[in-house]
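One chain, subunit A, links the two complexes that follow: it is found with subunit B in the first and with subunit C in the second.
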Partner chain A sequence: MSESTTTSGLRGALAARRLGRGPLAAGSWIVVALFVLVAIAGPLLVTADPTRNTADALLPLGASGHLLGTDDLGRDELARMVHGARPLLLVAFLSTGLAALLGVGIGMIAGYAGGKVEWVLMRLMDLALAFPSMLLIILIVSAWSPGVGSLVTGIGTALAPGLARLARALAAREAGRDYVLAARLGGTRAPRILVQEVLPNMAGPMLAQVVMTLSIAAGFAAGLSYLGLGIQPPTPDWGYMVQAGQEFLYRAPRLVVLPAAATLIFVVACNFVGDDLRDALDPKGTR
Partner chain B sequence: MEIGNQAVSRRTLLRGASILGMGAGFTGLLAACGIAAEKNDSSSDTARSGGTLTLAIDGTSAVNDPAFYTTLGDWMVVDCVCRGLTFISFETNEPTADLAESWTVSDDQLVYTFTLRQGVTFHDGTAFTSADVLASLNRQFNDADKTLPKGSSRPLKGIGDNLAALTAPDAATVVFKLKKPDRTLLGRLSDIGGRIISKAALEKYGAGIGKNLVGTGPFKFASATAGQNVTLEAFDAFRLGKPPIDRLVLQQVTDPSTIVSSLLSGDISATQFTPYSALEQLKGDTSVTVYDTPKSFDAFIMMDVRRIPELAVRKAINLAIDRQALITQAFFGAAVLPDGYTIPPNQDAYDASLADLSKTDVAEAKRLIQEAGATGRTVRLMAASDSWHPKAAQLITQNLTDIGLKVETDSVDPAAYFNRLFDAGDKFHDLMIWERNGYYPDADDMIGSLAKPSGVYGEFMSGFNTLDGSAAYADMLFEAKNIADATARKARYSEIQRAWADKYMTLSMLVCASNPVVSGTDVKDMNWKALGNHRCYVENASV
Partner chain C sequence: MKLPTPLIELEKLRVDFGGSGGRRVRAVRDVDLTIYQGETLGLVGESGCGKSTLGRATVRVTEPTGGTIRYLGADITTLRGAHFRQTRAELQMVFQDPFGSLNPRRTVADIVAEPLLRARRTPRPEARRIVDDLLDQVGLGREAGTRRPHEFSGGQRQRIGIARALAPAPTFVVADEPVSALDVSIQAQVINLLADLIRERGLTMLFISHDLGVVRHIADRIAVMYLGEIIEIASRDDFFAGPAHPYGEALLSSVPTLSRQPRRERIELTGDLPDPAAPPAGCTFHTRCRYAVDRCRTEAPALTEVAAGRQVRCHFPLLPVKGPA
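After this line comes the complex of A and B, so read on.
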């Protein structure tokens, strides 16, 4: 293990101890963890079928056997809320993962290689950034059938350039450092230097940015589902549930408020978690 | 970031934004709970001249051309700007004289001679003559007409196929010579495709006439913005007198909750695009009138026989549909069972003895699916994403799942949906949820179009034309529409419907539903029966 990796490991341990110190940060971590837990384990606990239509439409909150009532097609709202967490979180995490993979990869190569490679790659990223993200995503999603795959591809691709810019700057800074020079002189090949030396030393700020990107991805996923470009009904999905519930805004506002509030809380919590991560990894920064 | 003299950190901004967001959400909740639902109920009980009537429409592309379909709203504009030789008010289903003052029909039913009304002027000041009739109708009959825009739909092109000659012996006479008798001609000329446009305007604007439509109707074109609205002004020289209102605005409103709140606030005077889910609420509100609109449109699933070739599977799908659930949960009661198969109850050829063609029998459906070896097969269902369509898609998905099929669905933007219906290669072309409105209220416009082995339904959507024996239906339908005796005609249409369903089952009827018309109580003398068929005849309306 190189010295630089050891240093970054130490920095990571220190950062971990600084995480979640304020009530807001701690609360946000708990909220995100809870959402993930609900997405993973919730469907095991709530056994009602979220897609089964019944004649008991629009039962109110607290109706017998339906804690959150039923929707316009008589489906258990609690089951739909719990099952609806999964597609949103799945799309948010996978598309963020894809954006990170693409963005960090491209940015690192550009920053480390410099010269013409950097110029070409970053101009491509500039071109992608010049396109409004939502439009780019809709273009990509519309070209495919709607579903998780197209959403992840669309959102991941649209969010990658932002991460690539940061990754390029960080990689360029690290590329001029002595430990990288030493690795080069030692005959280590570029891919290994990037993965084993450069990446760990830029991981902190990148991680904070990736978590911030998660909240943006969740927002896009919900927005696209709201527009009918996401997960298709009858599969429950918070974005689509808001759209479908709109016409019952006066009669059963919970059909809009519950999925909208859940999406809002998750997005805001992700932002605070990203903030907290950044602060923990960069203690000299402004809190 | 600095706002004024104060530094604002990202965190403070985020916190503020989230509080603001939650506040907005809470306000929405209060509004939804009715706390913010107070409205200015200053509507007058007395009708008055002048003012603006605002109709909510499904959309506008700012192209209003009788030969080019874009949205229902754009064709409602055509209704107001242009009128035809004949007119069906929908208050009665009989064609009456409009720009044609009278007509005669030869004994062999092959020659229709129209005497045109004199003294009628177009909005551009030119006089109405037979030359305008020829210029307008040739756009429908002749696909090489230079004033046709690209992609024109030409709703009357079928008449053109049966036309031996269209002539104008003088400025006040037009003669149709048909190849075969067609007793529906007078009714069909009242349809949107039969509207007469100023020849001078056609020569001036050519294929761009849709943006500059000039007719003889009660309202003249003033302005249009795609995606927003079309504004029309009362025409002083309308042949039946200047309309009571000064202005007619057709406003695009697609969001269901906005339609409801705009009706209640008076921002919208009337609409037939009322969300079904809001009907009960609106019926209980004294500031609006909910009309008992006839259940005049067919809601159905078209099955593509190229994708689902087994008749047994198509019959099983038809037997699986829980139509009562559709009536209750997708249409909120504004629909009835399709007992007359494709003929809605308000039409002459309605025959309730056909109710068995749309019965529900899940056990039999399962048996048919098993017998056909189709258990577990994936079928794909496509529906538009507006109005009743997505709910119907979800209900039907469950019905089909219950009989052993796997269902994949695609909810499609309405603008894109119409185009996808034409694409037999579309991945989701197995089952298509769609509807047909009776633009002229006759069986010929329902079963006559749906069972024809050509055109949108028989060719592009269902592939009915690829099945053995389908060609005979073109002749059978043509023969049926020419039966003079109403009882015999109805009986023949019933025979055709039963045979079509039994032998082919390319169309599963869901329900016959209404386009629920709602207006402010201050709106008087609006032809709501026409509006319930997406026809806009509001020349007598006042606000």
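After this line comes the complex of A and C, so read on.
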């Protein structure tokens, strides 16, 4: 029995090298890492200005000086792709962070407190879930001016209830454990019990779900900027690039295919990473 | 012997589960019980009779549905806030499950220090000293403090649990089947350690167990519980000389003996514990009692004093002590 406790949890999963097993899982981790790397360091390596217009519009792939050609305004497509990773990943990560903060916080309080507090909080979450997410996000985003702030707020708020549900279930399970009762007997107050006793013991499954949420957030972020509710031009952004490229779908399909494929690959890879985390952290999978 | 002073007084204590609608399980039903300063009261009964719930309700980790809990004469049933946390630091508990009762993510020293830091607001350096001493006293050694629970065996974990319960210098400890999850070979060590520490400090203990052998070893008085009710209270010697309730008689007859005396008649209880959501009418034990008559099926007996310090909930208590059956 004691072996299972040593190998459960994130630390155990890392120690037992249970993460990234199999080509799909390993590949997904690498892809996500690459995207993050490109978003952070890419603009330092690809020095071409993604917003500088030139007379050389719609140059093809492999044109001299423009590896991926240029778009309809003669801007370097490679630079736009590399710079475009930043807003997507930034919005995806920040909104997932906001969703995790709200969702885990609300869910944990509901699950631990139980009773009326739980009822009120979870019915609020149900109410939020009853709206189609995209509609809710558009509602929130259009209440502000489009930009990173409103995107993060909208996506984060829309994704929080799903996480809250899981957090509630996990926290409710922990709340009945003897060590939580022992902490109460020792005079530890509820906020400290939540942070010190409950949260660390639900972190594993919660983390897997949060990473899954990351892929959904990325999908929403791309979708919104495609609709023009995201990062505003001329800042390059994959979602908007897909929309702008549609006009030239037959003459230069790469203008749509490249940003769309990049978005898709990132979303799918995040999903597999979440899957892998969940499998690695699942105590049943270890026995 | 000094006059016994009540430390904990339970009055009509009731714990229901399952809310108002539907099946309401009455786990603890109007229990009156007094625990005197310095004694160890053994609470026995079969699984599901409500003894753990009673123990938990006594220190309010499970909130009672009704009745009152008095500690040193003061009603603590509805006490809240800082004052409650202060008071309850004096009421501690050793849990049954050595695996579930320690947070796997924290070090042993942190676990044991927690009640000192929170309820007692002991400064950290002093708490450290107390924790080190406690870990020595429970036989783990202060080096154990830096390790985590999963590095210890079940018996060692119970020692950690005992150290934690004793950390805030309590006056009363509920031990909820503290050894039932352990190998028989180490049960005695843990029981003796607990008994010694309780005695040295002059603490009062509610010792919950279904093991009469263990209870005989450690308890001064015995309370027998059946279907959420106390059905017999007696001193240990009186009880083991001959229980007054037919249920106690059956329980005792199930304990194997090593003596050369003619074997006591083995009384087998048939059937299971009745559904606590729908207890039988009359005496709750009549469905399994071999002495049951019509009166038992209709009229519920009250807990009545049949001899000095001896209470029984039965229309026909088995008194005076009979000869070998």
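The working rule: the second predicted complex is superposed on the first by the 267 of 287 C-alpha atoms of A that agree within 3 Å, B and C clash if a C-alpha of one lies under 4 Å from a C-alpha of the other, contacts with A are read in each partner's own complex, and residues count from 1 in each chain.
Note that contacts are C-beta pairs under 8 Å (C-beta built on N, C-alpha and C of every residue); 3 or more make two chains touch, one makes a residue touch a chain.
Just so you know, these numbers come straight off a predicted model, no measurement behind them.
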{"item": "Dominant toucher of subunit A (residue count), subunit B or subunit C", "value": "B"}
{"item": "Which of subunit B and subunit C A:P233 touches, first, second, both or neither", "value": "first"}
{"item": "Touched partner set for A:G149, first subunit B, second subunit C, both or neither", "value": "neither"}
{"item": "Which of subunit B and subunit C A:P191 touches, first, second, both or neither", "value": "neither"}
{"item": "Touched partner set for A:N201, first subunit B, second subunit C, both or neither", "value": "second"}
{"item": "Which of subunit B and subunit C A:P60 touches, first, second, both or neither", "value": "neither"}
{"item": "Which superposed partner A:P132 touches (first subunit B, second subunit C, both, neither)", "value": "neither"}
{"item": "Subunit C-touching residues of subunit A, taken from the complex the two chains share", "value": "1-2, 5-6, 9, 177-179, 181-189, 192, 196-197, 200-201"}
{"item": "Subunit B contact footprint on subunit A (complex, rising order)", "value": "24, 51-53, 55, 57, 72-74, 145-146, 228, 232-234, 244, 246-251, 253, 256-257, 260-261, 264, 268, 271-272, 275, 286-287"}
{"item": "List of subunit B residues in touch with subunit A within their complex", "value": "9-11, 14-15, 18, 21-22, 25, 28-29, 31-34, 37, 255-257, 260, 275, 277-278, 281, 325, 328-329, 385, 390-391, 393-395, 397-398, 408-413, 427"}
{"item": "Partner subunit A, residues of subunit C touching it in the complex", "value": "56, 59, 61, 85-86, 88-89, 91-93, 95-97, 99-106, 111, 114-115, 118-120, 149-153, 161, 164, 167-168"}
